[in-house]
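What follows is a short report on a single structure.
For clarity, chains are labelled A, B, C, D, E and F in written order, and residue numbers in each chain start from 1.
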Amino acid sequence: MKIVMAIIKPFKLEEVRDALTGIGVHGLTVTEVKGYGRQKGHTEIYRGAEYAVNFLPKLKIEVAVATDQVKKVIGAITGAAKTGQIGDGKIFVFSIEQAVRIRTGETDADAL
Amino acid sequence: MKIVMAIIKPFKLEEVRDALTGIGVHGLTVTEVKGYGRQKGHTEIYRGAEYAVNFLPKLKIEVAVATDQVKKVIGAITGAAKTGQIGDGKIFVFSIEQAVRIRTGETDADAL
Amino acid sequence: MKIVMAIIKPFKLEEVRDALTGIGVHGLTVTEVKGYGRQKGHTEIYRGAEYAVNFLPKLKIEVAVATDQVKKVIGAITGAAKTGQIGDGKIFVFSIEQAVRIRTGETDADAL
Amino acid sequence: MKLRNWIYAGLPALIMAIFAAAPAFAEDPTPNKGDTTWMMTATVLVLVMTIPGLSLFYGGLVRSKNMLSMLTQVFYTECVVLIIWCLYGYSLTFTAGSGITADFIGGFSKAFLSGLTNAATFSTGVVIPEGVYVMFQMTFAAITAALILGSVAERTKFSAIALFMPLWITFVYFPIAHMVWYWGGPDAIAAAAKALAAATDPKAKETAQAALDAALADGGFLYKAGAIDFAGGSVVHINSGIAGMVGCLIVGKRIGYGKDVMAPHSLVMTMIGACLLWFGWFGFNAGSNLEASGSAVVAFLNTFICTAMTALTWMFVEWIVKGKPSTLGVVTGAVAGLVAVTPASGFAGSMGSLVLGIVAGVVCFFFCTTVKSVFKYDDALDVFGVHCIGGIVGALGTGILVNPALGGTGITDYAMNAGAGGIAEYDFLAQMTSQLKDVIVTLLWSGIGSAIIWKIVDIIVGLRPSPEKEREGLDITDHGERAYDM
Amino acid sequence: MKLRNWIYAGLPALIMAIFAAAPAFAEDPTPNKGDTTWMMTATVLVLVMTIPGLSLFYGGLVRSKNMLSMLTQVFYTECVVLIIWCLYGYSLTFTAGSGITADFIGGFSKAFLSGLTNAATFSTGVVIPEGVYVMFQMTFAAITAALILGSVAERTKFSAIALFMPLWITFVYFPIAHMVWYWGGPDAIAAAAKALAAATDPKAKETAQAALDAALADGGFLYKAGAIDFAGGSVVHINSGIAGMVGCLIVGKRIGYGKDVMAPHSLVMTMIGACLLWFGWFGFNAGSNLEASGSAVVAFLNTFICTAMTALTWMFVEWIVKGKPSTLGVVTGAVAGLVAVTPASGFAGSMGSLVLGIVAGVVCFFFCTTVKSVFKYDDALDVFGVHCIGGIVGALGTGILVNPALGGTGITDYAMNAGAGGIAEYDFLAQMTSQLKDVIVTLLWSGIGSAIIWKIVDIIVGLRPSPEKEREGLDITDHGERAYDM
Amino acid sequence: MKLRNWIYAGLPALIMAIFAAAPAFAEDPTPNKGDTTWMMTATVLVLVMTIPGLSLFYGGLVRSKNMLSMLTQVFYTECVVLIIWCLYGYSLTFTAGSGITADFIGGFSKAFLSGLTNAATFSTGVVIPEGVYVMFQMTFAAITAALILGSVAERTKFSAIALFMPLWITFVYFPIAHMVWYWGGPDAIAAAAKALAAATDPKAKETAQAALDAALADGGFLYKAGAIDFAGGSVVHINSGIAGMVGCLIVGKRIGYGKDVMAPHSLVMTMIGACLLWFGWFGFNAGSNLEASGSAVVAFLNTFICTAMTALTWMFVEWIVKGKPSTLGVVTGAVAGLVAVTPASGFAGSMGSLVLGIVAGVVCFFFCTTVKSVFKYDDALDVFGVHCIGGIVGALGTGILVNPALGGTGITDYAMNAGAGGIAEYDFLAQMTSQLKDVIVTLLWSGIGSAIIWKIVDIIVGLRPSPEKEREGLDITDHGERAYDM
């Protein structure tokens, strides 16, 4: 089992969610994060003070899936989240050693 | 060493924390997240517009523990966070390769 | 490839970011979290009710780097985030199996 | 029988005016535009006390998942009370009743606001358009009802509140307001007293005395008992405070009370609300003078002094006792001061108000912290500790501070000096007895009446949501919305 | 010719006063300080309706990334309209024009606010300082312009708004306000009618009739057509509502409209805004009486009753139709009630207002939900459904409810009773024709005029930002700031 | 000696009234209810400027961890100043002093608000209840003190502020207000001048002249120097601005200043605060006329025009210089305009105010951006750049714009025309010298006095928290609460 973690642009959430449900993934967890990278931010001016804001709002999506699904999931996310402009984000894949559904105690693939 | 990551219902935080301290775990990190899964959300109506809200507020708990503690930790979380109703959440377990306490530079088990 | 995840004090963010760019790391993702640990919180009083607040605001930083950079990254974070007082935080290191840049589809080291 | 009632400033001037202008009273007096302006301004100030004032003060103190619930309950209360007031509430409260119930409730002669003319003030020969009196008093009814919501916050269904309010306002508020505030106005009394003084033969004297007795008898139960309550210590604060208290006992504690963190979700909103309460309270207190005379200024000034002093008192007491002066403490103190000065505002002197402020600060602090902790009732937003207790402190304090020897204004007897009016002699025991009666009758009527109504509502629609709904928050479950989507 | 115009209260008293004090009118009347105070107060209340009232009501409904955009657009509108009003707007609106355009627009005789003296009211012989009249009307111009912003919210560049406002106020607002509200005041009419009544020989009669005709002819187009609009049903609400509607069609839908969640980012701000709108609206409506007389109280009372009734109506309709009474629904209802009562406030009776409130609640609810869903226009904050439709309900309702048989005040004819004034007989058909004319002329003038101006602005600076900018939010892209940094 | 002082409108009418009603002045004049209403309204408006107005304007600009600190400091300041004002502040400021210090400070004759009667206005024979004058001036003292808090925001302990305020108000504010605003009122001067004109034999003349001289000598130092300051350009704004400036230098910079992002945590709150400041400022400026006469309307109108013009000026300058018109810029401009028009509001003409607005916009923008960046002082919320500089622009501008040739009102000399009063001839050099003296004396007295007090407070309780506490935020460390718990 793997967790696919993706950093995406906020307004792409609905499309990514739809793409994932499209390939049969029905659970995910989203976190609001701030990203720092190549995409340049903006300048904010408050009277005398100017601040370069380099941390941009992003969403982090975490999806736990069976190992054989990882490729499809990456494809779905990439397809939906891509605008072709700097700052579209990244996908990272980790291994999970164990998964449990709290409600039932089911584990691993059954827990998803 | 492992990290046990759990997605739980927000109002269960105190109980989970108590359960964990009960088994000798004295550190954890909490993140506010939104979850999408089997639990259905609600409909919001703003004048003419109706929105189905499927992302529900959840908390993500991350606990780094020695490998031999994982089972106890999972048990504690499951026990405390379970209501028996859809949406109770999941537990995922990862390996950590290294841990450092910033203040002292201590590593691995000593860092927790 | 690894992800270095660090929990730090909020006001240390700029210094840590500078330290990381100083060693050539140009991307990271930040999440606002609440930490529970040895550092004691404060008491809040609202009329009759007193609450011990033990969850303290922290930032979680996630940096994906090539495996050979991990040590340098840990050093940079430790150096910048350390105040020497309880609550400075932790660093955890995980393996990533795969990394993708959504914009270009580049993978692994190229994706960072 | 000795008459006690409200006071006006500039008595000597008025007496002169009465003699100079005496025939004018035979004709209809016309409202002074300065007075009309003041009363319209005061009305709008009291409106803003409730919405958004009170709703923000309360709303900031609940958890964010119940914010809209609080705001909407208050807004609904304002609207529904206002409509009922126009339909029959004003009439029941401020017209003469008939028969054995006349001391307790009025009649339907002005239902649907029919037959409005001019309304009397506390000065002979001074009137205001009755419409503005209707509205001013309407805002009082609304805020009184809305105050109750703080006790049962975060766990009472909107449908329960929707039913509770019309019942409560009808069976609790209207009678109490009638008992304390209804009277026939000063002109009839002054005219009768003048006729009595002018009467020479015994028969004329007898008729004149009968007329005076009738004029003096035209009033509510507590009014005639000599209780003085300038702007609503008992009618508004004790009344709502005890209704809230029985409410929170009947509704029960919030899930997790005493265990979960239930910190205010936005003390910023609470601060805005507190400031708007103070802002509007000037309309409440100085408007209760019903004209822009010197005694409105007195009420205005007391509303500054007592409030500031209670805020500072609470702040320093909390600083000493708990180690830190909290924002919530300072503003709670201010509100407690506003409550305490409400009945006293037109009667006390400046330094009297200052002392009242200190007492109110200490007593209310003690009730909101120690007493509440001991008895563990979940009066969520301290309606009892602030409004009921503050109202009692104010009601009793008024009885003391009205004493001219303490800088108070004394109580006007319109029948004195052959109808020219004057300040009645101050009698401590008699006055305190009247004030106590006022407090006790209000506590009993509202306490019992409210309990019955809460129970009825529970039977008909149920008071509480399911535990899951309470946990999810009333904003989503009652209203289908979230307060914030940042 | 039959004259229709505004009503004043206390007619008998006034008539007496006129006879008693007749010679005084030969001299300059001086303002009553109560009136001056009321008009200053009313002015500041209307200001607070717009900033922060309207800006918060609107601002709370947009997504947080466009919050500052909304706040700044409203604030800018207030400022720029205010300056233009002083430069030439007041003069164009409230002085007599000349020649063939005189029915539609005034002249430049009071440009730069030169030559201010006293301003007439709706009572003969009663004046207020002209400066306060200038300011009171200024706040009306500003809020009317600001209302439009709701339709095109979240997707219109600040530079476009910056250009739109001066053009719109000049070519749309000033003419419509002149058409509906400009007249020469009651004194000239009363004096001419009195002279006519006093004239004995035919020649004198002829001259006097000519003078009366001239006095009656000194007014705007719709005013002379007999349309009554107490505080701006057509001038303010229909006008801005249709200007917004054509704006939202020309600007186009927001990216993601109908697909993305566009929930209000803070209903708390919307609630505060709604309450401040109500608060300020008392100045708007009762201030439109221009003096603190009994009819100001009438307008004040109607502003309470209709508003509360519309709020409750919306709430219960939504509860039945959609299953839950929403916070946004209740406050939207209140605003719709305020809109509907605006033209009627000084004319309707209390129970008439109550009925108007129910009708406005049902009709506006239907437009904001069903109609909008069917036609799928992106009138982002429902300026059309609430203001244009509510304004039409009010304008037509006023024509009905002014009828004294329904508790209305009737319409004053200052020329009646030999210039002493009186209530003209009510004629349903004639009045409704006038009201319809008012509605249609306003819809056409503003609809067409606004469309042209939106197009001109599009050509000169462009209406919309790039899609990326729209997505990032106008706060950052137009103003370089974020609303919240918690 | 030439007398300069405040102006009233309707001079001809007044002169007529004086002659017609002359004997009336022998008796006690009674307050007009329109005036009393206006002054109560104005008072409540100034209150709302400070709480919540200023506290939100400031609070929105700090980081969220210091929000409650800001709100509480302002609220505390309001309360403590208010109480001190009643205990001895009013007396020290607005009674005649004795001996050599009389020019600088009053006496204790009205301590504890004893002996209040009626207060003079700027019109002979017009009075208001002294209680309302006490309260109106009280709100001025409170906001002046509260303004200082912006300079030292986010890094000064609550205990330091708690000690600073009573000292500062006593040793800096009361003297300056006495110097600028204390005078004996117009009636004594007019009566003496009339007696002088009526005197025939030389001895009577001599006595009469002595009486007139005494009346003219009954005033504060700067008042007698001929400085004019309608509503507090020097007393309020220069005074607080320089006190803040020395404060921020003594307290030192915030940790991380110039390095960390210190963006406003809620420009929404800042916008609400700015709007409430404007709203309340009408009470501040037009209330300073002390009666609801035509010159209150003048002040009111100027408060609209200058403010809007400064806001637009700032907006366009920033748009050109920095590329974007910011929300914070527009509202800062509005506040700067309000500051600048404060001393001028009752003296300048409409177009004069418009020009003043442009100048204030450019100058204050320059100080808040360029000058501050160059000198790198941490005047956290720009109290110096907006209030001190804006106040100086206004104080000097008033000296120019009061000139009747520029549409100004001129300065009333109550002794002219045998005590009937009249407008003194305008003398540019003399007036500007007086204004400069006003500015310089205020800068020196407040600058030096405040510095001493900041140092004393530092010694007694310490000004700054520990760095860890400053980092954690004053909300938790000073008050034990968080502003938001969403």
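Going forward, contacts are C-beta pairs under 8 Å (C-beta built on N, C-alpha and C of every residue); 3 or more make two chains touch, one makes a residue touch a chain.
Bear in mind that the values here come from a model prediction, so they are computed numbers and not experimental data.
In terms of the stated touch criterion, the partners common to chain B and chain D are C, E, listed by label. Counting steps between touching chains, the shortest path from chain B to chain E takes 1. Shared numbers divided by all numbers used gives the overlap of an interface; between chain A and chain B this overlap falls below half, so the copies present different residues. Chain pair with the larger contact count among A-E and A-F is A-F, by C-beta pairs in contact. One copy, chain B, sits rotated relative to the other, chain C; on C-alpha atoms the angle is 120 degrees to the nearest 5. By residue number, the contact pairs of B-D overlap by more than half with those of exactly one pair in B-E, A-F or A-E, and this pair is A-E.
The mean-CA centres of chain D and chain F are about 35 angstrom from one another, to the nearest whole unit.
Rounded to whole angstrom, the centroid-to-centroid distance between chain A and chain D, based on C-alpha atoms, equals 56 Å. In terms of their C-alpha centroids, the spacing between chain A and chain C amounts to 18 Å.
Shared contact sites, meaning residues of chain D that touch two or more other chains, fall at 32-35, 37, 41, 263-264, 272, 322, 324, 326, 328, 480-482, 484, 486. Residues of chain B found to touch two or more other chains are 31-32, 44-46, 94-95.
The complete set of chain-chain contacts reads A-B, A-C, A-E, A-F, B-C, B-D, B-E, C-D, C-F, D-E, D-F, E-F. The part of chain F that touches chain A in the complex is made up of residues 61, 261-264, 322, 324, 326, 328-329, 332, 368-370, 372-373, 382.
By the touch criterion stated above, chain F contacts chain E in their complex at residues 10, 13, 32-35, 37-38, 41, 45, 63-64, 263-268, 271-272, 275-276, 278-279, 282-283, 286, 291-294, 296-298, 300-301, 304-305, 307-309, 311-312, 315, 322-328, 330-331, 334, 350-351, 354, 484, 486. Across the complex, chain C meets chain B through its residues 2, 6-8, 31-38, 55, 58, 60, 70, 74, 77-78, 81-95. Residue ranges of chain C in contact with chain F, taken from their complex: 11, 14, 42-46, 85.
Interface residues of chain C, counted against chain D in their complex, comprise 44-49, 51, 53.
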